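For reference, chains read A, B, C, D and E in written order, and residue numbers begin at 1 within each chain.
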Amino acid sequence: MADTGFVQKEKLNDFLNELSKDAVVYAPCLEGDTVIFKAFDSGTTLCLDRPANNPPKLVVFPQSETLFSFKYKKDAEDPRKMSVELEANTDFPRAIIFGARPCDAKGFRIYDSVYIDTNTPDPYYKGRREKTMIATLCCSAPSPGCFCVAVGGGPAHREGSDVLITQLEKGYFIEPVTEKGRAILNVPRIEDGEQYAEEAHKRQLESHDLVRNPFAEDGQPKISRALFDLDEFWEHVVSKCLSCGACTYLCPTCYCFNITDEQALNNGERIRSWDGCMFSHFTLEGSGHNPRPTKFKRFKNRVGHKFLYYPEKYNGVIACCGCGRCIRHCPVSVDISEIVSYLRGPRFEFTNEPPESMGTDTNSQEQKQ
Amino acid sequence: MRVGVFICHCGNNIAGTVDVAKVAEETRKLPGVVYATTYMYTCSEPGQEEIKKAIKNENLDRVVVSACSPRMHELTFRRTVEKAGLNRYFFEMANIREHVSWIGENKELNTNKAIEAVRMAVEKVKQNKPLYSSSFKINKRVLVIGGGVAGMQAALDCADGGLEVLLVEKSPSVGGMMARLDKTFPTIDCSICILGPKMVDVAQHDKIKLYAYSEIDEIKGYVGNYQIKIRKKATYVDWTKCTGCGTCMEKCPSKNSYDHFNFGVAPTRAINIPFPQAIPKKAKIDPDYCRQFVKGKCGVCAKVCPTKAIDYEMQDEVITEEVGAIIVSTGYSLIDIERLPEYGGGRYPDVITGIQYERILNASGPTSGHIVRPSDHVEPKTVVFVACAGSRDKSIGIPYCSNFCCMYIAKQAILTKDHVPDSQSYVFYMDIRSPGKGYDEFTRRAQEEYGVKYIRGRVSRIYPKGNKMIVKGADTLLGTQVEVEADLVVLGTAVISNSDAGHMAEKLHISYDTFGFYVESHPKLRPVETNTSGVFLAGACQGPKDIPASVCQGSAAASKVQALFSKDMLESDPAVAKVNINACVGCLKCVKTCPFQAIKEKELRDGRVVADVIETVCAGCGVCTSTCPCGAIQLQHFTDNQLLAEVNAICLT
Amino acid sequence: MSDVAARELRIVGFLCNWCSYGGADTAGVSRFKQPTDLRIIRVPCSGRVDPLFIVKALLNGADGVLVSGCHPRDCHYTDGNFYARRRLEMLKRLLPFLGIDERRFHYTWISASEGGKWQQTVTDFTKRVHELGPLHAKKEATP
Amino acid sequence: MTENKNPYLPDLATVIKVIDETPNIKSYQVILNDPEKMKMFSYEPGQVGQLSVFGVGESTFVINSPPTRMDYLQFSVMRVGEVTSVIHELHEGDQIGVRAPLGNWFPYEDMKGKKILFIGGGIGLAPLRTLILFMLDNRADYGDITILYGSRTPPDLCYKDDLKEWESRSDVSLILTVDTEYPGWDKRTGFVPTVLNEIAPSPEDTIAITCGPPIMIKFVLQNLAKLNFKDENIITTLEARMKCGIGICGRCNIGSKYICKDGPVFSLAQLKEYRAEI
Amino acid sequence: MISQRLREAIAGVFSEVDVALAYQQGFDKLHATPCFMTMPEEINKLIWNPLCVHNLTSYLPSLKKKKVAVVVKGCDSRTIVQFMQEGLINRENVVIIGIPCNGVISVNKVLHETNHEPIEDITFGENGEITVKTLKGEKTLLLSDVCPDKCKTCQYPTPIVYDRLVGDPITSDKSPDSVYADIKEFENKTLEERLQYWEQEFDRCIRCYACRNACPMCICQDSCIAETRDPHWISQRATLSEKFMFHMIHALHLAGRCVECGECERACPMGIPVNKLKRKINLDMKELFGYEPGIDPEDKPPLYTFKVDEVTIKEHKI
């Protein structure tokens, strides 16, 4: 069997239809002007030109899912007696994420440490993750805001992917990264990719240098703990934050969730749903006390979690994949990479000029009215 | 949670068309329900005992009774569960009688509907929270609005019971309609002779404070604590100086003023005392006719007044009073004769109304009791009375009976014969309504002893012919057309509500019916209460009624106030709005929409501004709850979660 | 029960305690026969009815919603139904924009004495909702 | 908890007894429905459990009965929010869910031979109770045991039967206080931190364990420092809004530590290291 | 140079305020971002051009206790008027620096025009022409083609309230009838089409609440009933009906209050036309009560008041 494969451009839809035969294929699809990951079928319009607005994390970690259902059973003879039955399903259908970006795929690795490599693995995540093959499309050019190379990734980074796909003139070069990924070579409509390997690998390298690295110098985020612990710093850099959940919900690595019960008469479910650390209610206690009452404290925790706490726990790995979605889609353009670059410290100058990536010559942008 | 459900057969009222056993069986399957049973009459004493027993034995913490309308028995059962140790708000009712068994014909569908109604009640009761009333002090003063016979009776009864009474009368004297009557049926005794002493009592009672020629501007507050703004209208006579001597009235050069008291039978002076027995007996100027006001010069009364009481510069004065209860006895009006074009619509001077005829009959009236017709002051020999002039006439929007016209027409016919022995009276009537004690005998006497000719039929037209009025009508008993040549026609005009009854109701927060009459709490069992606690009704403002009925209601309302005031403290209804200060964002939209100004802003210690409900002022409408975007202000017992539980019980199944 | 459910549609009624609930009681006392689809939720005042309750009901399974309060000027709480009138009219106009037939929602004023009007309203509204059919049938077909 | 178990799935359990502790605190004695599981159930003093009322949700409570008395698991619940309000409506025989044990525990091995000073306020006595009863059941292992406990008013004192017993024991010294004078109260008055200063215990060879409302903990820690207790010898338990109970859902962290998994028991030295805001 | 005059205007009031809200360049050439200036030297960061899309007044309620200078466009000024109507700000604590505006860009529309290529540079010409440079080359666009829909029908290019006006007032040359043309057009669709439309749009919602948090009139923020259990209006399930319900909550809470700044729609990362429902309600409010939000500070939002006789509301017959 060949080691790599190739799918002609015009055969891509057919190829995806083949893939759909024994798995649900999630692919970036166009809805209006929005690209979203959703189940691919004949009615959807594939869009591989740019990263999807949302990451494919929903495939393995749905926006909401049932942890278990419960049923109150009344004794037929004695209404005073009521028992509960619980039922949990951790058996999931096969799925394929087609057209994730390397940052998206890397996001799953951030999840894995928390959800799988622990003494209490999460059966839902794990169940879906094991049943999901991730076929990643290398980025040919960066999108506004992205900075994967600054957090250990890159436009052709393989971590987290089962298959790497490189878009070439005539079609898609497909190389398995994991054992699971090798299965893709057996799908009909795929041809041997060997003749395209060289061009593809060249392509993969090319785009790397186009990606910005906001962390200048050595290109690694560094955090001054003194500055990090300074409330005024956060008050200054996040005053414009609206405290919404766009950044966390679009983040391929944000994995926080909420658990709530819903019940209708005798039946109900315990539901897990996405939650975000930028929401006030996230940490709000029943008594009304809130340990993170302000958006400053919440933002500090979010940055801290990604760049301090997670690395502290998991061998220095940064819990940010640099996809740039939180920057691109932030309603007020809060830029986490900028904030982290400020955090180099040791002393934060409030009058700091913006980092180089930002326009300094604002006069040239004048609207001549 | 341990909910107990009691499903009432209501004899056959419910069980006849609802399979109550099936309802109980299905109810037992609901989570939280540990007990469900059926009972023949749950509201009966043993039925209530059954509930109490089950609360004890089954350790119930919430109760649902599925029976009749909560408007009927909610309070009954709340007391029952309270006696068994539960908070009275851990109770809900499912109405499966008025809303199910009585209106649905299919037993299967009815049963299903009843099951769902119970399910809704169970889901709601599970969301119920215990609520506790707080008690507050009562201001033991009572306001009586309207000084007619009902209002005076109420005021006197209250005052005799030791309560302080404010009696507000909008005209210059108390007495109302009864003071205008000549005699009363069926005893033919002199109206003012029996009313006069009462009027004097009102004036002299040291517990009664009379505000004559005054109106209610504003009513704020709630049962036990009302703030009233009373407008004392300008009389242009300083009543502290006026002795009621009448000199001003004699000398007043403006002799063509409209006489409100006499319903315009004859003119009066611009400064006048309405009638000899007026209480207070004080003069007042009618600025619409007074030359000093109309022309800017005159000043005769000021000159002649021996006590220098005249004050042309007098302004209305607004006084604030505080009371704990209000009796509304604002009386009635009569339909404007112009609305009856077939009877001449006011164009013919010799077609007059019953009340005008009362004044003509009255010895202290404008004609000193001599019956003369308005056009030529000649004594009429043929008098035609037309009953139901406007009453029971859907075409002009008065479908109801005016209650007392039949009786006063009989009385007036009798009196006519007394005054003018050679006269003949005719009465056109639709039905003779005389159900009171001695009433029917009275109408028979009119016919049998006084020879009054009763013609059953409607009058179709009245028109003049020479100096006579032709009254054309049908005699439905004989089946013929009748024409009577009359010297004088008296219309028993329909009783209607006061033109400002609606405004008054809005000030009082009480409801009124299509015709402007105030609505009692229950037509049979709570005839003088309104749905606003602390406000009671007496007299014809609630619907047309005669003197004995009005007096009865006056006394009844007074006794209700006495009962209310028998305690020093009142319990507030805890089903009022409550603010969750953690959720309140201080937008204060609730403050803007509250119909009762029961919400104000409050600053917390941390500087946050939140809404704050004045519990005793809140009436529990819930407008604030549906206004509040963040669900921070919740009407207790009808919270979002309670209503959502009901919605879900219907929809999510 | 299921065949019963099949014959009936889900109609939710929000009735103010003082007028319309009383009107429904009056209809009951007068034995004015009505269709059985309606389920009544008692609220103190039509002003308590947040339009969101109606939306919630329609989105979650109701085929029709009826709101009834005291006649304007006749509100037990003086102004409650005046607020209700504006809010409910707003919703009435919004529903078709969402693709929900506005005929599935009706609001009216019925006094405690108008048992006959209540009977007529329930009968007519139920009939209309039946003519429109179930709101949610389409979705059930495609789970 | 075994490797393959679904960590979100509670064990079904039955409330066997409800005890009214104070006007707003009730204790629940609970047994797992599966007798085998109940028999095998093991935990350490200080560990917590998540109680479920299915349809409403979960909330975290310390198991306040000691592992040395395994007839039932006891949890004490103060009514503050949605879940606790519903728990307060539970009756004997009602079905609930239990996920336990979760979190870490008091380092009782390290405390052997030492003098122990318990400082509790209100429902904060719950975690301390577990350890107190555990130590009393292993009395010989520990030195002097002093318990300083306070609440707002006398009716607000939890575990009144235990307090009576401890008071009567010669090997425990119990100091009770309420915030202000109260009819019939003849013991101390004053806030717990103030009383702590008054009794001024020696830090020598002593471990101080404190739990109570945040404001009390804050001042107790300050006062203990003034009394020269070392940070390592001051132990407290923390609370936060918790959901998953296994260190994933992200809300109860102090820096990289999760109260639900790495806590709730921390020494003051640890908290300082994690830069917790106390 | 409007930017320069704006800087001067802000410098002129800087000493009177605790913070000044204006715009600075964002993370790339296509984005401006709000800036909170507390120190005079920061004023140099300030920019003014068609990238300045944000409605800065959204921040005012949260800064109620502070003295704030804020840069507002005509559309943004309606928010301030609405705040005044509802008593949500202390007017005396706000210094309004008004700027007459010929329109801003829609980032999404520019990106659409450039096939979502990263923008290397963007310059704005005098007559509304925009030159965009991407890796693929240069392209000239017209502001009128890439502005948000609200600019196309803008009736208030000059702020309604302000303390200082930077630049000369502009009068609108857009027909008032055009404002709700899209709403009326949508109403030509069949009921089924409309329902389908909303179902497809709302299905994308991820309930990140960006629309809510960006909305200046969404005053509840942390207390939003989309997340509470008491009251428990909606669950956290990501089902269509729950998403639908959330958007209904949003729309109904803004009924007669929405100033149509479009921030909700701009903020939505999933491209949902969130503003449409509110604009439909506004149209009805205008027809029913002659009310337009954010125009007259003395006005009252129509759902917080009433008339005893509502001549425009007819009784409905079944």
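Keep this in mind: a contact is a pair of C-beta atoms (placed from the backbone, for glycine too) under 8 Å apart; a residue touches a chain by one contact, two chains touch by 3 or more.
Note that the structure is a prediction, hence the values are computed from the model and not measured.
The minimum number of touch steps separating chain B from chain C is 1. Seen from the C-alpha centroid of chain D, the farthest chain centroid is that of B.
By number of C-beta pairs in contact, A-B leads over the other of A-B and B-D. Of all chains present, the one whose mean CA position sits nearest the global mean of protein CA atoms is C.
Averaged Cα coordinates give chain B a centre that lies 64 Å from the centre of chain D. Chain geometry summary: the mean Cα position of chain C and that of chain E are 36 Å apart. Averaged C-alpha coordinates put the centre of chain B at 53 Å from the centre of chain E. In chain B, the residues that touch at least two other chains are 2, 31, 593, 627, 640, 644, 648, 652-653. Residues of chain C in contact with at least two other chains: 56, 60, 73, 79, 83, 87. For chain E, residues touching at least two other chains, in rising order: 221, 228-230, 233. Taken in their complex, chain E has these residues touching chain B: 65, 86-88, 219-221, 223-225, 228, 230-233, 253, 300, 304-305.
Only residues 55, 89, 91 of chain D touch chain B when the two sit together in their complex. Taken together, the chain B residues at the contact with chain C in this complex read 69-72, 95, 97-100, 102-106, 108-110, 112-113, 115-117, 120, 502, 506, 509, 511-514, 519, 531-532, 575, 593, 595-596, 619-623, 625-627, 635, 638, 640, 643-644, 646-648, 650-653. Here chain A touches chain B in the complex through residues 72, 74, 79-80, 82, 264-266, 288, going by the rule given at the top. Every residue of chain D that touches chain A in the complex is listed here, in rising order: 1, 3, 6-10, 12, 52-59, 80-84, 93-95, 97, 214, 239-241, 243-244, 246-253, 255-256, 275, 277.
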